[in-house]
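By letter and in written order, the chains are A, B, C, D and E; residue numbering begins at 1 in each of them.
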Amino acid sequence: MSQRIVIDPVTRIEGHAKITIYLDDVGQVTDARFHVTEFRGFEKFCEGRPLWEMPGITARICGICPVSHLLASAKAGDRILAVTIPPAAVKLRRLMNLAQIIQSHALSFFHLSAPDLLLGMESDPQTRNIFGLMAANPDLARGGIRLRQFGQEIIEQLGGRKIHPAWAVPGGVREPLSEEGRTHIRDRIPEVRTTALNALEQFKQLLQTHEREAQTFGNFPSLFMGLVTPDGLWEHYDGYLRFVDSAGNIVADRLDPARYQEFIGEAVESDSYLKSPYYRPLGYPDQNDHCRLDSGIYRVGPLARLNICTQIGTPLADQELREFRDRGHGTVTSSFFYHYARLIEILGAIEKIEQTIDDPDLLSTHLRADAGINQRSGVGVSEAPRGTLFHHYQVDENGLMQKVNLVIATGQNNLAMNRTVAQIARHFIHGSDIPEGMLNRVEAGIRAFDPCLSCSTHAAGQMPLHVQLVGADGTLLNETWRD
Amino acid sequence: MAVKTLTIDDRLVSAREEETVLDAAREAGIHIPTLCYLEGVSEVGACRLCLVEVAGSSKLQPACVTKVAEGMEIQTNTDRLQNYRRIIVEMLFAEGNHVCSVCVANGNCELQDLAIEMGMDHVRLEYQFPDRQVDLSHDRFGMDHNRCVLCTRCVRVCDELEGVHTWDMAGRGSQSHVITDLNQPWGTSQTCTSCGKCVEACPTGAIFHQGSSVGEMVHDRARIEFIATARQKQQW
Amino acid sequence: MDLSELLEIAEQERQSQKALQIRCCVAAGCLSSNALAVKTGLEQAVTEAGLTDTVQVSGVGCMRLCCQGPLVQIDTSAELEHSEILYEKVAPDQVSAIVATLQSQTPANTPTTLQQGDLTQPFFTQQRTIVLENSGKIDPERIEAYIAAEGYQALYHTLYEMKPTDVINAITHSGLRGRGGGGYPTGLKWATVAKATAERKYVICNADEGDPGAFMDRSVLESDPHRVLEGMAIAAYAIGSTQGYIYVRAEYPLAISRLQIAIRQAQRLKLLGSQVFDSPFDFRIDIRIGAGAYVCGEETALMASIEGKRGVPSPRPPYPAERGLWGFPTLINNVETFANIAPIIRHGADWFASIGTEKSKGTKVFALAGKIRNTGLIEVPMGTSLRQIVEEMGGGVPDGGSAKAVQTGGPSGGCIPASAFDTPVDYESLTQLGSMMGSGGMIVMDQTTSMVDVAHYFMEFCRDESCGKCIPCRVGTMQLHQLLTKIREGQATDVDMELLKELCDMVKHTSLCGLGQSAPNPVLSTLRHFEDEYRTLIDKP
Amino acid sequence: MTTRQQIRSTKGVSLKHPSGDKRFQILDATMKRHQYQQDALIEILHKAQELFGYLENDLLLYVAHSLKLPPSRVYGVATFYHLFSLAPKGIHRCVVCTGTACYVKGAAALLAAVEQSAQIHAGETTADNQLSLSIARCLGACGIAPAVVFDGTVCGHQTPELVGDRLKEYLGKEQ
Amino acid sequence: MARIKFATVWLGGCSGCHMSFLDLDEWLFDLAAQVDFVYSPFMDVKEYPEGVDIVLVEGAIANEDHLDMIRKVRARSRLLISFGDCAVTGNVTALRNSLGSAEPVLQRCYIEAADLHAQIPTEPGIVPPLLDRVTPVHTVVPVDVYLPGCPPPADRIRAALEPLLTGNMPHLEGQQIKFG
């Protein structure tokens, strides 16, 4: 008799998901699956909307990384207008994306994952959260909150609001930075840099106590994908796509993101609203075909970005990057290191903001290239906090959307997340009597990826953890609920 | 020129004989909400937001077309009127697809302002979610029927100020919609002079400048008033 | 044309009457039951029997008992008032049997295949015909027949013996009120338009009878069109108009064609056109045909439609009496109102005022339909009780059922429960019951009819017929319809009921025209008298 | 010919329709009888529909130019009134009266029967163009309720069976 | 006085409202001092508890899980706040409604736009079926307070919560009830 354990909902992630763990008749984990349970259908209902409204609409895909969608959408619009946007607009968009990376990474680390890391995987689930952290370690919590606030404030300074600004548009951006805004941002840099450095220090200490997690939290070979500059440096807004393998070999490089369909395919599984993108040249890693299990899996996001770039391009972050690679032995394959990579990216983003904040272009009023519909199709790409984001639009001659395809960062980690939950479950779970802390580890494995499920399903947990006893024929034999 | 004296909201107000209650109230600084009313073109009394109570009459009267009369006693803002007005605004929100968050007129919309004014924090009526189209065929302007409240301001400015009558209403009842010429894409209209007055007249984000992104569309009503005065009174 | 010529035509017409009249109803109801074949069959049979010298077959207007059509009446006397035999549901193959009865000289001896109607039943005997006095008796396509029935004498009388103010005074004193539904005093309306100074004025006859279940006006137009023309001409003289319009709905092709014929005939005899009766009075009437829009029964919408525009109402004031068609003062009355004018002039205002109740004078024509034995047209004095109409004249509900309610006033009206059947039918009483006189549709409902369904039905009607101009009506009728659907399907809650009531109140008080203002009435009246039927659906477990 | 070209081609002095279709001559005569008065628009649309079966854009534009009316106004009027159709109708017409008297006497069942056997809803035409189904708001034939109009002939006291038999004649033809 | 039991729930929406809640930044410390957080996507409590005093509900009702959840939330909460435009109006989440049913969006995403295993996800008990029509929260359960905005800015959230902490009902007006 086999069993199925459903973790429902997966909590402290940005979205609605469940995890099912399958046990065989002796209580050994045979498989585990990660399911996303929301779907909103942007790809369909955006059809018929004007191109110029798309940044504003697609920002609503996600409240965590609206800026990523805003930028990818505006960039797809740039292509359709066939314009080169003003240099000041590029700098301003970059500034906002850096702010976005900071606020989202801060949220992932401090608000969502730090409770596991600092309070313990097995700590009381009632207090294992940001509010518990606020009580247990107020300084750290406050630092994290203020770090996120820093990112949000930059977005607000530029876009007029913290969430869902409609500031980037096809052809450029709507408003420059104000002098007051610049001063405010500049003044806060020292504080947030300190917060980021402290957090890095603290995380490095945690690595000592979380060796088992580092080993088992999605630690497997795969490809990594992300944008790099033409020189191979860390990139978040433009550039080319690069794939590297676990050994650090560049599998594909200088790929034009507009040709994403040539190397990224999307598969559908019946048990999730989240599609499973795969690296097309290597094929879909069919679950039934173990020899192909590793083939097309790739990971995106902070870990991938740090694995594919030569360096970040700012002094402190580059120093941290070297240490990161030492600790991870070259190309880092453990998904637990996503947290680490995230903190390094925060630091790098702060440094890059510092480098650019005094650029006079940020106050420029030449921000927008006006043009009509000059191409019927356009792909916009950006590095969202969670990885590479593609917006692919086809429009009619007047600029009404005819077809929309969105390939979202989190989705591209779907195969990896499935492997991760299976790996953790096999390692930590034995028999049907499972301590809560063990199940929390399975969830924590997911949290490492910081999945943004609003995004991934262009959509959008609850209810108890429940265990279902499932017969060999798939019928439900018994069901127990645990609070 | 005969002058009439009347009371509006218990205030004594004087007005010229040919003025409407709305004119008199506005001159006295008393706000009466409107939607289909547009300074410079004829009144149609269709939106019913400006209904006021007139002492001695059981029927509510639209301020925009009701002429002042000596000794008239008007109440513009009773609970009953406010309640009716809120339902009217709710009706409009339920009827079309008014998604403020992603509308080009977000922040610059008379419908949105009315909702705020009426304290409408939610809509009790059933949303219809009609399947309506967007027309971007015109070089300079766009029309999103989802956001149209059928106030006919565009129809009237086009007919009365520009004189080409490109716009009109077609269909009936809940199937009513505005059209250009023979219900053809705006860009193919032979009558349209691309003057843009309909764009400025539109109270919502239904008619907009091409290329407007979310929250970016601002209507310039003053331009309509200016043109109306110039055309009708030869005053610039 | 002068009076003597008119009287001569009448005399000639009477002289040419044959001893035996076979009148075959060729109004729309009977026509749809093959009455035309019956009529031609009768003509043929009479010819074949060699009776053309003594027997005249004529097509006449509505004989009122529509459910039994086609109806054929045999009249052995030359007296129009006195007819003797009524055959019901006559089939074309029965014509020779009818003619055979004439030959046997004992027409009362009915062969068994023929269904003979009872002319002494209350349906007929309790009627008092003013508007329908010629209906079913004269050939509507022959102006001579109308003239023979004293037609156009009233017009002559007004033109030569009355000043316009005398006419208005007469109408005012008669107490006639608008038969279109509102019940506005006709004399007052005429006086207002008469007082207006303008270079042009118009008279409009509203023949856009749109209320479902109402067919009185159609019948009048099909049966006696000249009566309406004469009434309009008298009105035009009284208010100082030279141009009239009849706005007829396109769904009434027979009425349109008979009106066209009537106008042509009247013009030929100079009873319409320039210098009517050789007087200085000019009056021309044109027909305007609707195109399927109920809202055009509303006077401002109707005028827009006459102007060739979308039939969209405008706010009143200004009323048509001040600013109507093309901005000129306009008198609008409905068919039945105009049909009452000539008799009032002929018989005097006092005569008319002696009929009916204190505030509602004269008679009212009702179209009786629904779950009732005798469906058809009735004309009764104002003040007749509903019980008398339903139970006595209508013969009650067939198949042993019992009447639950009567719906009057169409989509603007309401349902009157059987418990209130003793109410005298007049404008005020019906309004007090939450219904209204309306144009005269009267639909009987029995126990099998759900009142929530009825409210839902009328709301669907109003939703579909809303012109869309004002928000409360356009959206309100749709929302109300959805709420009623929800209630009907047992999906509604108390919250929905509250919303239903609130919306009804709001739509009623804020809509621009009568359509919207009265659209909630069927809901309100069923809620008032039959709330238990709603409650049963709400409280459903 | 597109609408755009159509407008240009009718801009000339002569308003004669270029197609030479005889029906336009009849329509011209009707308009002439109305002295090309703009307020006769509805009458002229009635005539146009009678001649052509329905009002296509080309026809509406022709009427607009002849009466010197804005095209949007003509289109607006044509779509306001239920009796005007901008799409072709089927060979046979079936109109179910849903007036109150008919409603009380079971019009809903009649309509359902027609919809069922013709597999179309009110306002639609069958794919083989044999039948157009519509509803009327009251034919004023309440005395013989429930009534159905088949190809212009009003038939009273209808039942679903009677209606079904009649429709078999219409729909059976192509089988 | 017992401490206020405070919850937040996320249904069909983008989480922007929850993010805006986090934008309360350091005021969260003040809030935490006055309430007990008993349920939230930020927390590991899997079952919505009984006896919740105040709950913020983000998102529209878009699938069957939402339907079950909101009924449970209503039954177990004293004061339910419709939190943000999706909850209050359906907003962007409801944009698919004009397509008539859920079918077209599913078809587009999982059949047309799939390269492999094209199928509409249906795993019973795991993937909740989408409702054909996305609806605001108050069409399913009674709502006590409406807090519109896409998302409601943090100061608006604070204006709604502060009176509640002292036992008063909030009264939002003017720009505080602006949609979008």
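By our rule, a residue touches a chain if its C-beta (ideal position, glycine included) is under 8 Å from a C-beta of that chain, and two chains touch if they have at least 3 such contacts.
In this text the structure is predicted, and so the values were computed from the model without any measurement.
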Shared chain contacts [chain A and chain B, defined touch]: E
Length of the shortest touching-chain route, chain D through to chain E: 2
Remotest chain, chain E as reference, centres from CA atoms: C
Between the pairs C-D and B-C, the one where more C-beta pairs touch: C-D
Farthest-lying chain, centroid of Cα atoms versus that of chain B: A
Identifier of the chain whose CA centre is least distant from the whole-structure CA centre: B
Distance between the centres, which are taken as Cα means, of chain E and chain C, whole angstrom: 58
Approximate Å spacing (C-alpha centroids) for the pair chain A, chain E: 22
Cα-centroid distance, chain B relative to chain E, in whole angstrom: 34
Residues of chain A touching at least two other chains: 57, 60, 164
Multi-chain contact residues (two or more partners), chain D: 73, 76, 80, 82
Where chain B touches two or more other chains at once, by residue number: 101-102, 124, 126, 169, 171-172, 215
Every chain pair meeting the contact rule: A-B, A-E, B-C, B-D, B-E, C-D
Residue ranges of chain C touching chain B (in the complex, touch as defined): 293, 310, 312, 314-315, 317, 463-472, 474-479, 482, 499, 502-503, 506, 509-512
Complex contact set, residues of chain B against chain A: 101-102, 104, 133-134, 136-137, 139, 142, 144, 187, 210-216
Contact set on chain D toward chain C in their complex: 37-43, 45-46, 73, 76-77, 80-84, 98-105, 136-145, 147, 153-156
Residue ranges of chain D in contact with chain B within the complex: 3-4, 7, 57, 60-61, 70-76, 79-80, 82
Chain E-touching residues of chain A, taken from the complex the two chains share: 6-9, 11-16, 18, 20, 35, 37-41, 43-45, 57, 60-64, 66, 107, 111-112, 125-126, 128-131, 134-135, 138, 142, 145-146, 148-149, 152, 161-164, 265-273, 275, 278, 280, 284, 405, 440, 443, 454, 458-465, 468, 483
